[in-house]
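Chain lettering (A, B, C, D and E) follows the sequence in which the chains are written, and residue indices restart at 1 in each chain.
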Amino acid sequence: MTAPAAGQFCLRLLRRQLLLAVRRPVEIGNPLLFFAMVVALFPLGLGPAPGTLAGFASGVLWITALLSNLLTSDAVFRSDFEDGSLEQLLLAPQPLFLSVLAYIGAHWLTTGLLLALVSPVFALMLNLSTAALGALVASLLIGTALLSLIGGIGASLTVGLKRGGMLISLLILPLYMPVLIFGSAAVQAAVSGLPAGPYLAILGAMLCLAIALAPLAMAAGLRISIDA
Amino acid sequence: MWPIFHKLGSPPWLYAIAGSILRWLLPITLLALVTGAVWGLLFTQPERIQGNSYRIIYIHVPAAVVALAGYYVMALAGAVSLIWRMKMADVAMKAAAPVGAAFTFIALFTGAIWGKPTWGTWWVWDARITSMLILFFLYLGVVALYEAFDNKEAASKACAVLSLVGMVNIPIIYKSVDWWYALHQGATIKFTGESSIDSSMMYPLLLMIGAFYALFTCCLLLNMRVEILQRESRTQWVKKLATKAGRP
Amino acid sequence: MPSSPTGAPLLAARSLCLERGGRQLFRNLSFDILAGQLWQIEGSNGAGKTSLMRILCGLSRYGYEGSVERHVPFLYLGHQSAVKALLTPRENLAFHVSGEGQYGNEQIESALAEVGLYGYEDVASHTLSAGQHRRVNLARLLLSDTSLWLLDEPFTAIDTAGVDALQALLASHVAAGGAVVMTSHQALEVACDVHVLNLGAGATV
Amino acid sequence: MTAPAAGQFCLRLLRRQLLLAVRRPVEIGNPLLFFAMVVALFPLGLGPAPGTLAGFASGVLWITALLSNLLTSDAVFRSDFEDGSLEQLLLAPQPLFLSVLAYIGAHWLTTGLLLALVSPVFALMLNLSTAALGALVASLLIGTALLSLIGGIGASLTVGLKRGGMLISLLILPLYMPVLIFGSAAVQAAVSGLPAGPYLAILGAMLCLAIALAPLAMAAGLRISIDA
Amino acid sequence: MPSSPTGAPLLAARSLCLERGGRQLFRNLSFDILAGQLWQIEGSNGAGKTSLMRILCGLSRYGYEGSVERHVPFLYLGHQSAVKALLTPRENLAFHVSGEGQYGNEQIESALAEVGLYGYEDVASHTLSAGQHRRVNLARLLLSDTSLWLLDEPFTAIDTAGVDALQALLASHVAAGGAVVMTSHQALEVACDVHVLNLGAGATV
């Protein structure tokens, strides 16, 4: 029995992570409910006038998606670190930067993807113009993948820390900001009848860059963290 | 090339060389700072619109310029430490982070003080200001990450990774924030006042910028010397140094 | 002390030195692990056994001196069991992250039966007792075909019958040309030579 | 040596929790930085116009305080559960509902109190009128204590769950909402020159109720969780 | 089997029955723990030792039948060590959450020295080795003045010298009129009677 090829191994990891997610349906439903509730907080906090709300809908939805991602990113490698699986992963002969992509992929499938798909419901609740729904979903699809990759870097650097705590939010929130800007700009553009394409293209370019570089940073981060 | 690298990797040599650089750089820095400050604060005209309050420019702008440059110094040191596994690059990176954070804070603080009389408010969500704030967070992230690790060697590597990630992101952040500002441009204030800068104000400003660069270098070297002593505290040469210094 | 079988070493440690928290744990430690050898690392609590194991397998990369050469794939079992609480023992083995081959279902079932988990294949691992939990991990020894095993206290929480079975397994692995490096506070009772590496105060070999 | 009296024991626990917090200065500084960064997200998402921002400042600050509390609440009992300290606490002869108050007290001192004290800085960054600063600090002081107590209930109920994850946010966000409403209303009132007192009084009344009842709920929750 | 010292029992179990995951672990288990007795609960992995201990100390409250009467304060050490990684061993003992008295500093120091942690009083506990970590917890045995000890696998990760010292401590505690209920996979070598409770398949006593 020889070690499986990297691609096959990644697929196995992906299935494992998805299986783990399915074992905690709460965990999957939760970002959605969190999304719903935080969206509900805004009218409570900012005042419920429909006109003003609609103006801020794109920002509110994007900020909420970002926070929801922030909340779940910390857990990407945490449980594997705590039960010793991460050690085993680091010792595996397959290249680590591919393996981590499987983790991030599973994270995105169980948070970002779902969030993007249900976001139109909340957009309607906030009176976002229907013309912008397409841009919203598209920007969230690309944007949450980016957020997951960035969050993975933060998670990999902090997973081994005894004294880490919420450190991850400090590390990754500044890096999240460009994503937020372009994401909400895309929706805002669609609301005002302008093309959202350029913004989505920029998000896409950033995603390509992140897919190429983030796994390397994550692999390095994990190797360091296991030795903290 | 290699011999220099090798020497740079040697703590006693670096400690000594940093000491001898400081010996002449520190006086020069202080001199330039004092001259620049006196020239700028006492011997320039009050500005037409802002009166005297503009004089804070002699601290604000140099601090902002150096804060940004400091990040690249830190990230570069991080890259060297990752690629060539040079321990002294770790030291440089670790030493640069708090200094850079301090300069960023000075820029933010003086900017806020300046904003009150000129804009009537302490803070505006302007592109430049916002990106400066993000830079401050990036610095703090590096400092906090270093503190959170127990194994300081691992801490340096982790910070190196983080500062490299940050370096890739800084242009993106700046670009995006600029864009964002341009998008929402409304009643907000533009503050690139280059046109209003008179050459009589310009020269002391340039001097101050130079002085701040030197100040940054001094702080960096001082910090590095402390860090080297801490890391090497068990070695023979540090013990010898300590006993020599302790002798009456 | 070591009988010297022929052949290249599976793992070679070269002048390893480690200092932790101001204490010199070992110094100038050099040894070769050859096929057919069983090494037991001994030492009191805090002697540096776990630290040495992590250096040998490559998880520790900073803070020590010397070098380790690893010439063959190996299997490392540490203090933590790498068993996911939410997965069943069967799934834990089928989806193991260590990058080994894909085990077949029968293989997994027979391995689990052999470590005494017959009937527990499909319960969530977090309902297992402490010893059963560790046994899931030990089943990997039966499935893996690596020749070098690095085991950090494999007997923890295992009952007496389990310890006997595990010792027999180690002996047969060594007899089949494999090699084992392990730590344990218990004296081994195995049917083969045991190379003891004692990490006394500042051990050197 | 006899077991110490309940009050004395509580004090010891409080000192222990504070000591633990001090051991991770990052953990203390972090809610503040999180606060700062999330506050910064809003202008990025909603647009930087000073006028509109000022209108939303009270809501934004309160939502951020709430999220910051939400993020840290989960950890109140988590580490004690994981290393077995919680078992020992449950077996202690002193009444559990007093002991948990020490945990909540420490949590509030290291998050809510600090947050309330630094909030004026962020209020100024959002152009909140200076007249409302007093109401902001007062409402946050009372409100975060309330949030900590409510968060503690959620934490006690979910701490033992293998499959808990973000469940806590689902449990406590609905309970947070009244606090958010009255808290931001208090600040909003002060901004419009109305007296904030009545809202603060309501918050105070809610706090009294929570101090009386939440510890009982937490004690019950912990006893159940340890047996999950 | 038990020699019957006089006096009321410190702890009495009355017809305990437990079923977990469809398996009957024990049935109609009744016994009295008297002062001066050392009880060892035996059984293979998954026999239900930990479950029984948690019922005895009152942490498990649901899912079993029967009742337990606890007449004296007791000390329970479980699988987890209740040692905070961020605190030093000294602080861990000074700020212990078990609600016992406040230990003095000298007491703590001498207890730590006795469990072999002299020189480690003021390092963060997460830098301790596995065995040292558990020893911090064992120091509580020296500090506490409770007469009944419930110990779940106290020898885990402890080296041989430590196990001997711990056994001596248990024997002296029993000799001084205390009582100990413990689980272990190792046979005890103590200078007093050991009451063995074997949890075989569906044990009843």
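To be clear about the criterion, a residue touches a chain if its C-beta (ideal position, glycine included) is under 8 Å from a C-beta of that chain, and two chains touch if they have at least 3 such contacts.
Note that this is a predicted model, so its numbers are computed, not measured.
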Farthest chain relative to chain E (centres taken as mean CA coordinates): B
Interface with the most contact pairs, given as the two chains involved: A-D
Reference chain C; chain at largest CA-centroid distance: B
Euclidean distance of C-alpha centroids - chain B vs chain E, Å: 57
Intercentroid distance (Cα basis), chain C paired with chain A, Å: 37
Centre-to-centre distance between chain E and chain A (centres being mean Cα positions), rounded to whole Å: 46
Shared-contact residues (touching 2 or more other chains) in chain C: 62, 79, 85-86, 124
Contacts with two or more other chains, residues of chain B listed in rising order: 134, 137, 140, 144, 148, 150-151, 154, 157, 177, 180
Sequence positions of chain A contacting 2 or more other chains: 23-24, 162-164, 167, 170, 173-174, 177, 181, 227
Touching residues on chain B, where the partner in the complex is chain A: 82, 134, 137-138, 140-141, 144-145, 148-151, 154-155, 157-158, 161-162, 164-166, 168-169, 172-173, 175-177, 179-180, 183
Touching residues (chain side chain E, partner chain D) in the complex: 57-62, 73, 76, 78-87, 91, 95-103, 124, 145
Residues on chain D engaged by chain B in the complex (per definition of touch): 24-26, 29-30, 33, 36-37, 40, 43-44, 47-51, 53, 124-127
Interface residues, chain B side, partner chain C - complex: 151, 153-154, 157
Chain C - residues contacting chain E, complex: 20-21, 43-47, 49-50, 79, 116, 120, 123, 127-132, 135, 153, 156-163, 185
